[in-house]
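Can you read through this structure? Questions will come right after.
Going by the order they are written in, the chains are A, B, C, D, E and F; count residues from 1 in each one.
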């Protein structure tokens, strides 16, 4: 029995509020239950040095957590003077995930920065970030297309992510904080709407797992991502 | 004529949404027009080293701006590895302002940290932060009193802040971003509900000002703060 | 009764020693009583990136305190690896104050850096810095004019600064360290020789203050700055 | 056809040289082909703050690459003043992997630090690090047991890691640098000698992959890890 | 012929002004010609962690250069966020030099910090720092003895330092900036009043040197240090 | 009697293994007894900003110690976020020493970076680094000459370094860790094969020394460097 009473393959409520802030070219407040992340997409008409002059674009991400997004207050990374290893690992994952569905030649020589800031945390902040970032990116690219700056759509598919894990011996979908703290294995899957996988990460915590468990977690992730894909489309009116 | 069409002594719409996040002992989303700041109050049962064992509490603040709170994306301070001089100046001001209305002996040997994070910026982020921080602090202290951890109320007054400036030669209240960028003098006043002043800062930008102008700006600030005091009381149900 | 025996509106002895060091285009050792600050003005034939190609100049300041300028030794900021919030706030204030009396178009595309290093501290280091910085800047600009690099004088007025505060209930001028540590309100005013105000900052410490007190502090500041203006002129032989 | 002429399921030559340095409680130079990593295990009779007084031990890892371990010289992280996100991600992975086979209660209140320094890089530095770290840890724990500081063996299994990827459309084992730079998917598996999985990470690079591909990569990893397990045992004389 | 017209074995004018600042337990402004360094000695009744409880004291030094001590303005190390290798090398040398004449058991469990801040630089700042630091240390220890905190004098000798070098093929004493910039070898000697050597450092710049040159430089240094020893004694009234 | 049983003028065994790693243009593993340092020479076809366009080259060095090169584990400098003063002092010495034998005009507008990483430490790591760096530099330059990028050899001599010290009252050559920790004076000499001196540094530790002792240490260093010069030539097949 899950603490929340959810079925093993049941997502928390997904809400996606597009246009949450006004300055960004794309912005969204995404919630997976009590986890809430503000994602903005910022278009910059320049690319990182290693891409200059190649006619290709870039998509990158930054991630942060407000100090009191969590149960007890964490130190502010800006005050500590550095980003933790966890923060850097997450923002690298978000960037890779979104680049997996973006044709950089079609995007042209510009960069889109996805800022994912966790307003409230209850497990799954990185997967909510990825899922919300696709919406923000979609909105930003729609804007470029409306302005005529892009003629072909660089987005090749939807991408979404969800966490799964083995809680009290049972594979479950979309861990909340209580489950996450007690899970024996913790996995994050980044899946595409075309059925492919962009990233699979499954980590033993306390107890290791076998191949069958890995496959069951992946199947739960498909169920969850299908829900997220639907919510994404609704948010962008498609 | 102000760009927004407001009268010289007219505040933007003030909204205060208490309980915006669930983990913090006090939390609020405050808006002055399009400027939106999330403030949380976190209670810690310890004090900074210089106060240990003295039986007194402490109130401090941190301030941050999400990278795309602004018209063009700013660098993330956590990624740059340091807080700007502006950020530090603002968080010192917020901390001082709230300490001006808190009796540290009554608070007892505990610390309350006020995190002010700007979700969207349109001028006046430091004054919205101070005004919202009072509400978050009030909520956190109400919680301590309900739990019986405090018997007397350490808050001695309300505190609010507003910016004023000389725009196109005319003293005006509550500058928005367009006015702020073009003002010839820029002042921030932190006022108490008992009529006193906690902080007055008036800076020439382009043109210096005289004593009479300083007094007119202070009077505008009183008008604005009275509106904010009323909105604060309503938000905390008093 | 003030600890020093001074009258409420009496400055400490002001001494200004121009040419204290030989390499800088302008240099001065300024003392307000036991507070001694070395200020140098360095001319650089380039401007910060945001001004390049605009035909305008820039004036900026840096501030530091020698580790044993104070009663007990403080940590060296270079060894700690960062400047404190207080240091950054002060150097921003010094820069703004001097820019208030400099016509940047007349200065042309060059930068003048004012380094204010406190040799000995006894209250009022930021105000002594500003007052000395005007002299160093005046000397540097005189040099540019003598060399024919400037045809019109970019300095539009004198600028000076002084602290005032409420000590034992009485508004007093030019706080020394003992008064500063015990004042109930602490104000810094940056005034121009044309009668205008460049900056007013009045902060409650322990007790808040009212509008009348603010005005009395401002009037004390005028008295003090008039003394400083005279000392500045004498130092630069005008 | 692989650039090295290896079969799809063929590891590079594995060599493990125990006792490569003399000061560390365990040390090993491990090679996967031209990739060479020096791993040392250092025993410290204290634990991190969060574990003090709990009677449990800790195993952690740090990772570094000598500046000219690579084809072109990289910047020295100590000189840049921070570890890259990649470095931090890898050292977190190494630490987790070794903790998966260590019973912390049996280890007792002490810490073992695994330093993995890449002398020469040709793909697979993180997996060689994990595989070598097990040997260094085994040697260090053998020492503790010989000294009578441990009565029961805290190591519950062997752990090894290998990379796999899809190169020119074909799943292959143990990517070298040329393959790694051109692979369409890049996976790292951390496997236990009892058949379980400690960590699976599979990342799309350029092209995404499907479930079947993930399974084939996992099976290749089993083949490779079996070779590594044998080499580990031989190195520690079991 | 030296640019200054000095003889090969002639020091610049040495002036030592004790008591230059009032807060430090010992303070001095020392000049070797146009090189001027302010040195303060601060007594702290605690020692670094590695000495706690051993009944021994410690003497350490920090060194800094004001940004415009030099011909062209240098960056402020506090603003850059780190001390240069040169700064660290110099402050380590100063600390070692003074420790060479201090009996740490007689000093007792306290630390004396010598802050050497260069007000104006014209070559030889490190040697002026060492020579001045002995005076500041002597004054601070005299104070401890007067207060009865020390019964025996921990200072075992005087220490002084001077630079020598090979300029235009000729060994010369006490290089000024022009000579230093053009010297083919640059040496610093730290000598004791008892005839012994605390530190000898001779570095080739452009051309290497032989043993005979090393000895001639050392003999010049003796001549210079004898002058400095005399000036030190005069400054401390012995 | 030395702990190792060596004669006063006897070096430890010197071994030099050229080509220890494959990517660098020059690489060597050098041992002085149990002290082992990996040195790589990396050629970069650009120079530091202060040399651009002058037609001259540059040689520089970086130094690091693996965390467990020493008896007890030291902190990793990359993790601490800064290089110690000792590290910076050593790498500056290595760079200067190698520049003393390289004609920068003949090298042409390119930079050679010498990375010296201590694998195992037993005293004398900086002198082993310098001695090994000459071999790595020689190999790298030989490569440039073979490729026809250089027509004349920029290396003007061999350079080697060794430490000497006064141990139990006796001047001895090539201190190992036990001797180094207990020596009363510690000297490092950087000598050229043409008989000249590039750098002499002799530091009192506990007891100061006299001119005669300095000369005896220098003569021991000549004996040691002659051994190293022979080993260098053998390693590079000359």
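Basically, a contact is a pair of C-beta atoms (placed from the backbone, for glycine too) under 8 Å apart; a residue touches a chain by one contact, two chains touch by 3 or more.
Computed from a predicted model, the values in this text were never measured in an experiment.
Novice: Taking each chain's centre as the mean of its CA atoms, which one is farthest from the centre of chain C?
Specialist: Farthest chain from chain C, going by C-alpha centroids: D.
Novice: Regarding the chain D and chain F pair, does the interface count as same (over half of residue numbers shared) or different (under half shared)?
Specialist: At the contact between chain D and chain F, which are copies of one sequence, the residues are largely the same (over half shared).
Novice: Taking mean CA positions as centres, which chain lies farthest from chain E?
Specialist: A
Novice: Counting only Cα atoms for the centres, state how far chain B is from chain C in Å.
Specialist: One centre to the other, that is 28 Å.
Novice: Starting from the mean Cα coordinates of chain A and chain B, work out the distance between those two points in Å.
Specialist: 33
Novice: Between chain A and chain F, what distance separates the C-alpha centroids? Give it in angstrom.
Specialist: Roughly 51 Å, centre to centre.
Novice: Counting only residues that touch at least 2 other chains, which ones in chain E make the list?
Specialist: Residues 81-82 of chain E touch two or more partner chains.
Novice: Chains as vertices, touching pairs as edges: which of line, ring, star, complete or other describes this one?
Specialist: Chain contacts: single closed ring, each chain with exactly two partners.
Novice: List the ring in order: which chains come, beginning at chain D and going next to chain F?
Specialist: Moving around the ring in the direction of chain F from chain D, the order is D, F, E, C, B, A.
Novice: What residues of chain D sit close enough to touch chain F in their complex?
Specialist: The contact residues of chain D facing chain F are 21-24, 27, 34, 36, 38, 40, 42, 44, 62, 64, 66-73, 76-79, 81-83, 87, 113, 115, 117, 119-121.
Novice: Which residues of chain D touch chain A in the complex?
Specialist: Per the touch definition, chain D meets chain A at residues 82, 84-86, 88-89, 91-92, 96, 100, 192, 194-204, 208-211, 214-215, 218.
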